[in-house]
């Protein structure tokens, strides 16, 4: 595996400006939860961003949500009003793929389907349309945890510019970006993505094409083992979460984290991993299936391993597990 | 499972003094790495401690090591000279079990054998001798991760006072104590141990008798999965460690942690878990076996997943894995 | 799990009549093998039953089959002619869902598809039509072994009245009814179903939503192990069956039972269980697959583990296994 | 596998007497629980029995226990006083192997060790001493569930007369005898054992040498699956037992049966089966290990899955599982 | 399993001519890679062959390819010009199923779909059309490795004449033919196929219906184990291949063989086997998935485990594995 | 892994003589089956060999056996009388380790114990004695398939000269030598062993320390899968062997090979591999256990998968499997 040698610390300001010049504009297709988060990160790092949505209303919603999250940051003293204005000024929403034509780096982030999966066909269509408007050396990335970049890029003329990226967790301190080279991806393209990671202050980690990449495979085995321990009645749910936070120092207990990520997404991902590896350790524990079958998906539904109020505040353990 | 309801925050100072009075004196049998750490914790929490060793020389070694660690803490501004003196003043070493006779809580911590396991026979002997000198209501605890408390206590007259405890990690922030009730243990005894945990500022977590308890089962599946990811060549060793620290916020990368804990202990524990559960997920990965067979046990041998200099400073990745 | 405390023996006659009054009428949708069996059980217990079928001819067939089974019971001195007349008098067949409108308990029993599975879509349609005609507090039940009640009820207005029930075996002595609460089911509804179980003289057993519930998971592991023993050539097929009946006292040998239940249904159920649990112990043994692939499904096809004549009488072991 | 064709029903009285003549005398070495049961069965079937014990006291104990069990049978109208006297008259206890010299069929039944296993060395010694006193064509049998007959007989001169037998359950209706041919056993010897089975009114079932034979493999998978269902909290312990008795018609619920058989024996047997097959389905469930580690072995200890009083009467479920 | 006793060596020339008379004409439907190979084999063995294709152009292509392969054989002194002419003279291509009407043995060999699988529906259609034109006692065979003959023949009038055959490897020395009886196949039909095998100088091996038959199950476990050894970095790819050829004497190293057979076909077959057996040992190793996902299928794509030039000559190891 | 680049073909005669000079004398400790084979190979390659045995009688036996095997080779025209004399002239037997003192390469080959394993303690003693007499740069090798070289060499002064070698099969065409570097082994030592391999005309393959190395892991999975296929009754034993020889071109069918190698050794090796990997695929199939338990170990005992006469000629299939 090619080494990613350039240390993040080495990027002085002036160098950064030089780097930034490499990216005249970033494009994002789809501005749901993941898309907004990328738009936000990018604009706060000083880059111009254009995002594509399917209706004027959705564009407006996305902009409001982004503004709202910046306001929250201001309240926490993490941003000034003028910085917010500058950030918002770098963001443009559009209905038209042609507005991406000057972008040298576009990330596809279309929404998940009801079944927790984004359609390959839809994504291929996005890739095809991007190739129509972009310059031949613009990078096209998809945001995914399962094996697809070689497949998505198969029909393009310039396959070598396609790459897959994955932000494992939406948390301001979890600044690590998983980067997956497809079979056709050139090392120049890889270098560009690494530079992009540095610009948005993330540690780039190169990962091979595989189901769940590294981050989700780790999460899935931690969660499944915790569920087995709970099922064997060895310790209480809350105590197991304390083991993660107090002993290992994790930000969240694993049950807390599963509720945040969404149990339906995790179970679907585990099914995908079981399909690829055939190993029982990736098969969702009966506890996860029970939450999945009864649509207790976590914070969003206010029920998962824990119970939450409408603001997402935790009220206690879910006794129906 | 009985709930441990008393919140750690609730312990005001005066209450603590009351509590402290419950424990006139703590005993520790065996003052190797684990024993010293317990003696140290206990004395710094204001309790009197007596420890038993098998030679005057070993007593002296233990006292020097403890003093050395307190000096380090002073250098880091975590302790004053007078606190150090007070702490050392609360510690007594002895060759004679009779010096434990006033203790109301004694913890057995005898050293590991060459093969990574402490002998059951030896421990039973310690228990027998403790029962000879202690008051009938003094608590006898063993420090262990595998199932033994019911077995160790089987020959005693007062089986109900025996309990197993486990400090999962030696780190000043990892203040969690796993407590295992045996089949004979009364809830009064459990209560006493919980109070002890509070006095030494640890979160008590009650865990059922089982191989690896909770903390080590979690560690073992994280480590094994990380080894499989490494073996499949999905990411580099250092990048996998970054996933643990940056994404999940853990104190250590899992390979780093394994080197600190000692690979021989982990592999032996995994064998024990495989013997109990028969599940391949607990069977040491070929990478772990290779380190084990070639005695590259981690920091102590200066070779494990990483390479270290004589002071334990990491020099780089071990290319012989 | 809520305890089901009311003992079946406690139900004296007068109390029963009181209970019976609670159920003015029972409805059954679909009168194939399973439906007829429920209609029969219910009418013999003194309750009025209405069943829905899709053609006048199917109604007539169902009534004839029920009458035939009552005649058989008379021949075995288990019923008198007048009891038979009374029973038949309590049964009504209909083509029209409106005839269910007075029912306070309706059980969906539509037929299995060719592939051994009933379509979810079809069942949802039945549920929708039932809700149109029934009172809001009438209970709607489905007869199933795999996880679906939460899914089936998801689109209804009164989800809380839906429940899943399962009669594990059609045998006059196997009087146990598995009852599955969905996530929305209230305990009042559960109570009603328990009363219904008592009225038809079945022991109610509350089971959580899961693939195969309890009864079929037990059967499947017994059958698969027996197949492995047969495959390893440790004992003859008939001797293995004797172990079940003579040592453990089971009504049927496990191979005999599989032939009765239908091997295609069992294999489909095992696939469902493997999909949920990913454990090889639920994967049909090569012997089962061979019978399945060659459509030797058991008694109905006159070939399964054993060979049968047209009346279902066993002729000997199937040498083509 | 050789077929065992002779039907048990075919044995008319006069034929039986002829058969009986074939066995002038039966010998039993060791008269613990299993041995007594065989002595009892044999004498009640009209055969002369000599048993060997290691002290006069143990002989007396064995005779009293047998007499006591016959008295119980009289109370239940299953035996008359004169039949009892005749039965007791056919039983002789002895300290001397020479008293076995006229026996044409001797069964070794020495006691289990503390660890649940009988020593191979001890058994080999018994076999050696039997060969010294017996006629060359007398059959020597061992009573066992794990693979040993080929090993036990390896040092004898007349290996061809050795055979292994197993009474799967001590219950007056469970009249099935598993018979295992070793590699050297002739079919004449097998025929003799089959005749013996008929004489004591048991169905003979020929089984190949393997760990757990057929009966115990079936029991072990039923028990382990039931434990998993319990652990997953799908149904209550008592309800799971009802599924076995009501649906499948078994004499005992599986948890009840495990308590009767002794959990320590079952766990040891499972370990043996795991050692041979390496399949997780034979590895004792965490619930079984917990009972095993805490010495809650079942009826004898008054605690197992259920709690019992001193007479073995069930008091309720064991809440410490 | 019926024994195949007739030894291949016993077939003298005159007997062979008698046998040949049994087969007036052989038919082949579909003349892709597998079909051509069968046509070629058959014609060289002195039998008349008619093959069906879907266009005149495809007929011409097939004939050219066959002629080309005969020319290669001439160059290697394995054939004379006049033998070639005789062989080509026995081959006829046709667009019309009616031209098969005199055939007494027809083999269906239609092409694989893009996804590596031939459609069941398409094959059933071929079977139906064959039955329309063939005499009732003509044998219909399909060329397959997965379970389907009982299914394919289910709708035919003369099911008893259907059989499945499999040529495990296209190599002039690998003359073994796997023959699978369906549930309806008579032994006369089996005999005919065995005679056909002898005529084309192949050893017939009767195999039961199952996924992967015997040949592919063996290949798949060899390949998967070799991949695991490679992944664990125990030896180099080329050295592992040498172990197969030098130690065991195989014609090809296993990686070499996989590249020849096509990795996409092998992975699809493994998925089929995992679906049937549920055993992880049949689940493609991560290395195989990586080649599969990136469409490095082997010799045809010039990239697989090794790299090849356009003529199929091996250039070295593929470093992108 | 270090590359072994030197091609075997490159060794011209004069170069060989140069190489030979590097090895003045080869030593072998233990002259059982494996030892004799090494002595023979080495002497035929023109090197002087000294072997150590424990009695004059055993020395004589070894020499006779070697002479006998050379005579057989002469009969097959593979050797002349004068070559035989020269070969025998290069071999010396001795009782005294001091006779090894001029050797620059000594191979330990002591006999297997009854249980199929050579004692580590005994081997360590041999190593210790070798170090006493040998020059510090003489290479010490052990002949083994399981992980031990790092362990065996741990107590020596010159650990860096220890290495493990393995001749996977005793067949004149299977000329491949597996070489295992221990953790201390230098690359100079590795180079020497590679040169030795070339001198005896074997392909050297470098393998990492692990249970079963590469050759035996491959054999074990082939054998186990073949046993499963046999147990599932998919094909006959002889036909399965034909698949190996005809399709894949192996020298022996796998059952034939197992009989040659000795089933007790293979089962013991599989147990070792299961202990290390915990994967069921290495656990001996019930068929192998049955042969093992009944001591039908293969050719030597004249019974294994096949039956043999006293000269080792195969008589047919063993029907007692």
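Going in written order, the chains are labelled A, B, C, D, E and F, and every chain counts its residues from 1.
The definition used in the following text is that contacts are C-beta pairs under 8 Å (C-beta built on N, C-alpha and C of every residue); 3 or more make two chains touch, one makes a residue touch a chain.
Remember, predicted model here, so these are calculated numbers, not experimental data.
A.B. asks: Could you tell me which chains are in contact with chain C and with chain E alike?
C.D. replies: Looking at chain E and chain C together, the chains touching each of them are A, F.
A.B. asks: A-D versus A-C: which interface comes out with more C-beta contact pairs?
C.D. replies: By number of C-beta pairs in contact, A-C is the larger.
A.B. asks: Taking all residue numbers at the chain B to chain F contact, is the shared part over half or under half, that is, same or different?
C.D. replies: different
A.B. asks: Suppose each chain is reduced to the average of its Cα coordinates; what separation in Å results between chain C and chain D?
C.D. replies: 38
A.B. asks: On a C-alpha centroid basis, what's the spacing between chain B and chain C, in Å?
C.D. replies: Result: the chain centres lie 54 Å from each other.
A.B. asks: For chain B versus chain D, what separation do you get between their C-alpha means, in angstrom?
C.D. replies: Centre separation, chain B to chain D: 46 Å.
A.B. asks: Among all residues of chain B, which ones touch two or more of the remaining chains?
C.D. replies: Each of 208, 210, 232-233, 286 in chain B touches at least two other chains.
A.B. asks: Who touches whom among the chains?
C.D. replies: Pairs of chains that touch one another: A-B, A-C, A-D, A-E, B-D, B-E, B-F, C-D, C-E, C-F, D-F, E-F.
A.B. asks: Please name which positions on chain D make contact with chain B in the complex.
C.D. replies: Answer in residue numbers: 274, 280, 282-283, 286, 289-290, 293-296, 320.
A.B. asks: Quick check on the complex: what are the chain C residues that touch chain A?
C.D. replies: Touch list, chain C to chain A: 147, 150-151, 154, 182-183, 208-210, 276-279.
A.B. asks: Give every residue of chain C touching chain F within the complex, in rising order.
C.D. replies: Residue positions touching the partner: 231-233, 286.
A.B. asks: In their shared complex, at which residues does chain D touch chain C?
C.D. replies: 1, 3-4, 168-169, 173-176, 203, 205-208, 210, 213-215, 217-219, 221-222, 225-226, 229, 232-236, 239-240, 242-244, 246-251, 281
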